[in-house]
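In what comes next, chain A is part of two complexes: it sits with chain B in the first one and with chain C in the second one.
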Partner chain A sequence: MTPRRVFSALWSILPLVISLVAVGAILIPIFLESTPWPVEARNHLEDQGVAESGAQNLVSAVYLGYRAFDTLGETIVLLVAVSGTIGIIARAKGALAKGFDREDKGSPVPAVALAAGTTSLSAPPPRLRRAKTRTDLLEVVTGKLGPVVLVFGFYVMLYGHLSPGGGFQGGVVIASGIVFLALGGKEGASTRLTEAGVLARLEAMAFFFLVLAAFLGMFMGSGFFTNFLAGVGLPSVGFIILLNIIIGLKVGAGIGFMGIAMLSRVEGAKGEEVNHD
Partner chain B sequence: MIERIALFVLFLLGFAVIVGHKNVVKKIFGLNIINNAAVILFVLEGAKVGNQAPILTTGAAVAGAAAGSAGGSGGAVAGAVAQMSGEVTPVALAPAAGTVDSACAAIAEASGAGPGAAAGLTGDLAGNVAEGANSLANLGAFSVVDPVPQALMLTAIVIGVCITALALALAFRLYKATGTFDIDEMYRRIHHEP
Partner chain C sequence: MILLFLVVLIVLSAYSVFTRDLLHGVIALSAVSLVSALLFYILQAPDVAITEAAVGAGVSTVVFVWAIRSTERKKRQ
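Right, the complex of A and B next:
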């Protein structure tokens, strides 16, 4: 290699090296710090965690008892992210208004042809396209494993007050179970759990019930988001289980909805299937 | 120490992916790598102060730790006493001796002494074992790890998944609008189209 080529190669990776060195110099004190971890929170939680929040799983006690408001904010973030993803993907039909209608590699379907309803590419009809992506391997692995993963997700969600698990973890496993069912199920034999309408309504209802459970503490006289079941006479772990179920359904339905949208099974604004590739 | 250096390298790797690659999807996964490095650092640091999972199965870890240490030290003392008195029968103390009393009863049984000696042994042993258990609990030998970083990182992971999905949806929209995933090519197509 000539010196000129060597020099230009080094010059092209110089911004990368400079930025890496700068970030490394800023982060070195964080990653190599040696101050001891403060144990006051851990000691207090070990002594009083079960009595104050009702959960034997101390992690659940933290995010469902002491910092439940933080969990409410996180579900709002999830709602916003799901709405944004659905809004961007399912309504991509109007994105070709700028007219990028070239036929070179990686080009989208021409905008003019799409607007006119006919395509100039040799795209197969939608039913054949769907069947072509459903290979034997996918059908066996995801279609048959889907119910198993769904059951495991429900177990993790429901048992979260006694073993590692809870609403968030169980919800993410439920979402992957829903995506498995959507990927591997037959054309007309899928459950209603993979329909976009069902998942959207499920997420909205779960969020409503979460806010209702938060306000029930106020109506019972203890304050916002407090464990009111101890005053009523029921075991206080029931509140943790209730919140776990609500959060698990919300997270599962939300992330499952995003997965279904990325599989292009969500209908657009006009009620027809969009983005067939 | 070696874990922190590995996490530092992971973080820099994710950052290098963001800065170095031209593909939008690869940049998004560089962000994901950075998120994972930060999450693992938090959980790792929180796990340095204890050695058990933060799930209290008997309602209070201190009571459970005291019972556990009493049973354990009772078993050790019983083994020593049995050896000293010449007995060779094994004393099966481990699962049954959850309290100081049952440990002392098993010791008295194994050494063949009378109930009076067992009572004296119980009083002595109870004081010593309780004191030892208290000091052990204060030292944190049977304590759980810090659950606060784990609870924080739970939400961080779920939010990371959602933001990755949103970013991928944006990348898909960019592809639909410009026909490529390469940012330089995207820039050219946006700015040089009539």
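Right, the complex of A and C next:
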């Protein structure tokens, strides 16, 4: 082995060594430390969490009650991520077509309208064309499974204050259901959930209502993101259910929108392949 | 049980890093998500388990597979 060979071999395992050292540097202090874990917040949650928030599921109580402000930040992160993805997909029009070695002959969803979320509501949904790689199996299974997944997502979302789950988890499951429906949907299906314009509007409305729910507490004389439902005499858990529904719809619509945008783009490009030969 | 799951996790992760076929790597990653969802459930974090199963094994796998489908397979010279 020449010295150059040895050097290149060392160079190739360098990233592995660096990442192992980094992981060790993070993990070893955790194993070695003898400081007791802070228990104050945990004890408070254990004793008074259910009484204060009304939610059996204390995780929901924390992320929609005590730390709802962080949740607002998280939904904004998701909004920005979805917008960025849609922007990239819309911009990658030419690049993707170049990858398939042919010019782009108009996308199923107009890129500019997609980016602005202004796809006409009356327009029929872009039909996902059958690609060569797609089998009947996929279409049949996803078409049957989609509604079930959707119902399960709504269950996880609506019962987030009692059972494990909540807005984010339920929303992601709803998004899976929407993508399943889009994959297995037949021509003239009775759902409009797979239309990009509907999903974009749904997400925008959900975000608007989230901010509105956050500000309503201020109009009732208390702080940002305070439980305004408890102020008017309703059970205080209602606020958590409301926020769960809003966040679930927002996450579901956002991620479903992203999935459908990618689906139409890639399927559309593949579909032209079928047309050409 | 937990140890078994952790070993499976490490093996699958290593496979997904070192495999030459991107699709095999993605499927291994999806299996990683599934096993870690089981692990989270055993460790009494069902919320995290649901999220991991839905995001890791569901959405991200679908996104990766779409991304791979828009690439082309290159024959090894």
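Everything below uses one rule, namely that the second predicted complex is superposed on the first by the 186 of 277 C-alpha atoms of A that agree within 3 Å, B and C clash if a C-alpha of one lies under 4 Å from a C-alpha of the other, contacts with A are read in each partner's own complex, and residues count from 1 in each chain.
Simple rule for what comes next: a contact is a pair of C-beta atoms (placed from the backbone, for glycine too) under 8 Å apart; a residue touches a chain by one contact, two chains touch by 3 or more.
This structure is a prediction, so every number in the text was calculated from the model and none was measured.
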*Please indicate which partner A:Val23 is in contact with in the superposed arrangement: first for chain B, second for chain C, both, or neither.*
first
*asked:* Contacts for A:Met262 in the overlay, against chain B (first) and chain C (second): which applies, first, second, both or neither?
replied: both
*Partner with the higher number of touched chain A residues, chain C or chain B*: B
*Determine, under the contact definition given at the top, whether A:Ile246 touches first (chain B), second (chain C), both, or neither.*
neither
*asked:* For A:Ile88 in the superposed arrangement: first (chain B), second (chain C), both or neither?
replied: first
*Based on the superposed arrangement, let me know which partner A:Pro164 touches: chain B (first), chain C (second), both, or neither?*
both
*Report for A:Leu78: first if it touches chain B alone, second if chain C alone, otherwise both or neither.*
first
_After the superposition on A, what does A:Ala182 contact: first (chain B), second (chain C), both or neither?_
neither
*Which holds for A:Val156: it touches chain B only (first), chain C only (second), both, or neither?*
second
*Pick one for A:Val173: touches chain B only (first), chain C only (second), both, or neither.*
second
*Indicate the residue numbers of chain A shared between its chain B interface and its chain C interface, in ascending order.*
57, 59, 96, 100, 164, 166, 168-169, 172, 255, 262
*Contacting residues of chain A [partner chain C, same complex]*: 57, 59, 96, 99-100, 133, 156, 164-166, 168-169, 172-173, 175-176, 179, 255, 259, 262-263, 266, 269-270
_Touching residues on chain B, where the partner in the complex is chain A_ = 4-5, 7-8, 11-12, 15-16, 19-20, 41, 45-46, 48-50, 53-57, 59-62, 140, 143-148, 150-152, 154-155, 157-159, 161-163, 165-166, 168-170, 172-173, 175-181, 189, 193
*asked:* Under the stated contact criterion, what part of chain C meets chain A in this complex?
replied: 46-47, 49-51, 54-55, 58-59, 62-63, 66, 69-72
*Residues of chain A that touch chain B when the two form their complex*: 13, 15-16, 19-20, 23-24, 27-28, 31-32, 37, 39, 41-43, 45-47, 49-50, 56-59, 61-63, 67, 70-71, 74, 77-78, 81-82, 84-85, 88-89, 92, 95-96, 98, 100, 102, 104, 106-108, 162-164, 166, 168-169, 171-172, 251, 254-255, 258, 261-262, 275
